[in-house]
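Note that chain A is present in both complexes that follow, paired respectively with chain B and with chain C.
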Partner chain A sequence: MTKLKKIPINRWIDLGVLLFLLVFPLFTQTFRVEMMGRFIAYVIFAISLDLLWGYTGLMSLGHAVLFGMGGYMIALCYSMQGGVPAFMTREGINAIPSFLVPLQTPAVAVIAGLLLPVVFAFILGNFLFRSKVSGVFFSIITLALAQIFKDFIINQQKFTNGFNGLQGVPRFPIDGIPLSKIHYYYIILLVAVLVYLFCLWLTKSRFGKVAVSIRENEARLGFLGYKPANFKIVIYMISGFIAGLAGILYTPMTNGITPEDVSVVASTAVLVWLAVGGRGNLTGAIVGTLCVNWAQSLLSESFADYWQLILGIILLAIVFFIPNGLVGKVIEKQHNFRINRKRVKITAFNRSMKGAEV
Partner chain B sequence: MGALLEIKDLGVDFGGFRAVDSVNMKIGDGEIRVIIGPNGAGKTTFMDMVTGKTRPTKGTIFFNGHNITGKEPGEIAGKYKIGRKFQGPNIFENMSVYQNIEIALKGYTSIWHTLTYKPNTRKRERIKAILKKIKLYDMKDFMSSELSHGQRQWLEIGMVMAQSPKLIILDEPTAGMTADETHQTGEMVKELAGEHTIIVTEHDMDFVRQVANRVTVLHQGKLLAEGLLEEVEKNPEVIQVYLKED
Partner chain C sequence: MSVFMQQFANGVNLAALLLIAALGLVIIFGLMNVINMAHGELIMIGAYATYFANTVLDLPFWVAMIIAFLVSAAVGILIEVIIIKRLYSKPTETLLATFALSIIFVQLVQLIFSPENKYVAMPIKGILKVGTVSIPNYNLFIIAVALSILAMTGVLLLKTKFGKKMRAVTQNRQMVECLGIATSKVDTWTFAYGAGLAGLAGAVIAPINSVSPTMGGAYLTDSFMTVVVGGVQSIIGTALGSGIVGESRTILAGFSNEVFAKILVFLIIIVIIRFKPEGLFARERR
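Here is the complex of A and B:
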């Protein structure tokens, strides 16, 4: 019983959200299930950024690049299933280029979609963190990167179909029959739960505490015998892996991926979800992503003309009045309640000691 | 007693300004050495060079028989086991008191060790013992940002203890403390002296008298005097540049 009481309040929220998501498809139309499935993929994406920004304090403004790498790999794979796709023949390519041949196998595409962001994060991380780039400079470099990556995707029209993106990505067909939306929804949910459990373990471990120490006072950590750059690189790689995974799951649910999904706008959207939900506790990533995305969908359905204005005002209000985010505020309340009770105890104890002396 | 730390002809320039100039010093194993000197005497810069924060422009630093001149802070802390408490508390603000000590615990600083680290009873007892020594056990679940200034200073002393360093460097550990807290800090430092070698810089002469045995006086980057506290206090030069203000 005392153990149960020690569980932080946000873990109960996580459990509640999970139960809700488990029964959600039973009570709603299929297009809502598809929407929610997409949002759960976004949750995975948001968790990956939470590791990097919320825990380690590295605010990436180009995280959608890593998401997009996963998404484009799987999209490219399925667009090449029926031979050379139209956007390639239009550019005069009549046979699938040899470096793309392995991608025709979905398993290879999935592995590529996971490893590409990891390798990318490893290389970039080595450059940035070894040369002690940090703070706002990390943000600016990743921001530039998102723009470059989007331009790259648009320019490589013969491989990426440019502006239009890759469409018609099926939901991981088995023997040519794609998974139903409901089935695929539960697969995304299962992966999300696994990612959540992994991140929970990781952030509870000493490794996770080192990550938070980097956020709080990186220089101090060096004097304790740690090499912060190594930790930052590894965290960036883990975050890249999870972001890639989110992209792989997301793309078949929406049928495709476009350069908009890897743009600066997409990258900053995740930052907003995290800011609304609260950083550095995983729950904030979950709650923030689901709340903002639902608000966005419902508002755009009811107030087609000025929904962005309403959403903008709500977001500003949250960031202004509760800078720790919704979940951050709840955790803070619980912490303060416990600490105040403890303070009362300590003061009472000190007073009784003083009394004994007199 | 052999010298644990041996400093030869150490100096550093900052764009022509010589902050520390040709300092020679030997500190024996198990000694408490107090470094005093007016503001700008080069005390903190000296510490920065020993702990790898600042690279000396000349001279060498030998620690435990190894030349550690110009090595990285992480290496000096991890491999050679020199722990440092900074001037003004330098702690992890939005982490609990307990976590601050835990993260400082020695021997688990590689990525692999942080992933396989298991908080068993032995480690918990060790952290508990440190928290009791620095009088923060009751407040272990507090965020360190919720502590008073003096308690934050103690927390950082606790972090240095958790590193189990051979040499502990304390840069003005009592800055901003009440007289009572300063006295308690002195007792903590004396308790540490049994197991560790300690270098401490300080302005508070009551504190210096409480803990000191040998004292080194720095002035304008140069070593002005060195010896037992009673001798140094009588040194006319020292009185002129430093002690007269008291």
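Here is the complex of A and C:
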């Protein structure tokens, strides 16, 4: 019982959210299940950024690029299943280019979708983190990256169908029959739980503690003989892997992927979820993503014109009044409560001791 | 060769535009060390002010330019006093708050002016022909504006009392405070000047590109890139940086296409960050 009490309150929140998501499909229509499945894929995406930003303090403004790499790989794979897709023939390509042939196998596409962001993060990380520039430059470069990547996707019309994106991606068909939305929902949820457990383990490990120390005091970590650059690169790669995974899961759920999903707007959206939920405790990523997206889907139905305005104001309010986010605030409250309770116990104990002396 | 010369001329034009857009940023980011994600929106506000003054109120273009400067500077003062002042030395919070502002500005302008593109008539018409190269007269005007803003900023920073205060605050804030100068006011006016320059950039851009609520985003990254290449704290560096980014982008675009040129310039910038993190033209600072 005493051990149970030591569990921080946010882990109970995580458990509550999991139970809610487990029973959610039983009480709602299919389109809501699809929506929630999308949100869970977003949760995985937000967790990947939480590792990078929340724990390590590296604020990426272009994380959707890594997400999109995963998504586009799987979307390309399924758009090439029935021979040369229409958007390629329109551009005068009559046979699938040799470098895309392996992608026709879904397994290869999944592996490519996971490895591409990792390799990319490794290369970019090697350039940015080994340099003596402050963390702000990482944010600026990733921002530019998101913009250029979107331009690139639109420009490569013959491979990516440009502005319209790749549509009609089935939910991982087995023998030609796609998974049902409900089944696929549970698969996404299962992967999300695994990712969550992995990140929990990672952040509790020594490696995770080093990551947090990079956020807190990078110079001191250097004095202790660690090489912060190496840790940053590895964290960025892990984060890229998880973001790619989120993209792979997301694309079949929404039926496709468009350049909007990899843009600056998408990259900053995930930042907002994390800021609202709270960074550096995983729960914030989960709660923030679900709350903001839920609110968005509710509010943008009735106030489509004002949603962005509301979002901006919410973000501003969060920065000024609860900079640690909603979950951060709850954890802080619980911490203060526990300290107070301990103090009350100690004073009571002292008083009783005094009584005994007399 | 004539293609190259034409691209070179276009590059000078793009460089001038980048310089105007980036000068405001180098003041705010370089001197004050504030990351202002709403910089692109300040440019956008300047462009809308120009549209309103020039197209709706039918005022002459140079008046519209002044109005754009003043409007953006006023918005800058508001941003600085209400938001940034409370967040100094908190880079993450500043970034998030100014990002929130940029979302709010885009949406507000969209609500006020509708999301459709607006157009500002070209104030200077005609084309100058030098051999095979043709340059619109307005481009020459942009280059002139860029150079005069550069000169103006240089004079402001180096020759005026206010500029001295600005530089002193960036070098040693506490010392300046000890000398009895209200650093908080210096911050506000520095920010206002940077914001005003962004508005001026918007005014100059308005006639060549259509004015839309979301136009700011592209200029934000372009100006950041320019500043990074030239060296964050150097005005001259920014001028040379804008030359390099503008020229390499247009010349490369002449040989392949614009997106590949952008990617190449991006790669060059990453390499610069790796091997010359203080920027290409930064002076040694003590």
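Quick note on the criterion: the second predicted complex is superposed on the first by the 320 of 358 C-alpha atoms of A that agree within 3 Å, B and C clash if a C-alpha of one lies under 4 Å from a C-alpha of the other, contacts with A are read in each partner's own complex, and residues count from 1 in each chain.
Please note the rule applied: a contact is a pair of C-beta atoms (placed from the backbone, for glycine too) under 8 Å apart; a residue touches a chain by one contact, two chains touch by 3 or more.
Owing to the predicted nature of the structure, the values given are computational and were not obtained by experimental measurement.
Colleague: Classify the contacts of A:F320 with the two partner chains as first (chain B alone), second (chain C alone), both, or neither.
Modeller: It touches chain C, and chain B stays clear.
Colleague: Touching A:G225 in the superposition: chain B (first), chain C (second), both, neither?
Modeller: Only chain B; A:G225 stays clear of chain C.
Colleague: Is A:V133 contacted by the first partner chain B, the second partner chain C, both or neither?
Modeller: second
Colleague: Any idea whether chain B or chain C touches more of chain A?
Modeller: C
Colleague: According to the stated criteria, A:Q308 is in contact with first (chain B), second (chain C), both, or neither; which is it?
Modeller: Touch status of A:Q308: second partner only.
Colleague: Where does A:I141 make contact in the superposed view: on chain B (first), on chain C (second), on both, or on neither?
Modeller: Second partner only.
Colleague: With the two structures laid over each other on chain A, which partner does A:F99 touch: chain B (first), chain C (second), both, or neither?
Modeller: neither
Colleague: Quick one: which bits of chain A touch chain C in the complex? Just the residue numbers, please.
Modeller: 57, 59, 124, 127-128, 130-133, 135-137, 139-141, 143-145, 147-148, 151-152, 154-155, 264, 268, 271, 275, 305-306, 308-309, 311-313, 315-316, 318-320, 323
Colleague: Could you list, by residue number, the parts of chain A that touch chain B in their complex?
Modeller: The contact residues of chain A facing chain B are 205-207, 209-210, 212-213, 215-217, 219-227, 230-231, 234, 335, 338-339, 342, 345-346, 349.
Colleague: Which residues of chain B touch chain A in the complex?
Modeller: Answer in residue numbers: 51, 53, 72-74, 77-79, 83-84, 86, 90-95, 99, 102-104, 106, 108-109, 111, 113-115, 117, 138-139, 141-143, 146, 159, 163.
Colleague: Which positions of chain C touch chain A when the two form their complex?
Modeller: Residue positions touching the partner: 35, 83, 86-87, 91-93, 95-97, 99-104, 106-108, 110-111, 217-218, 220-221, 224-225, 228, 257, 259-260, 262-263, 266, 269-271, 273-275, 277.
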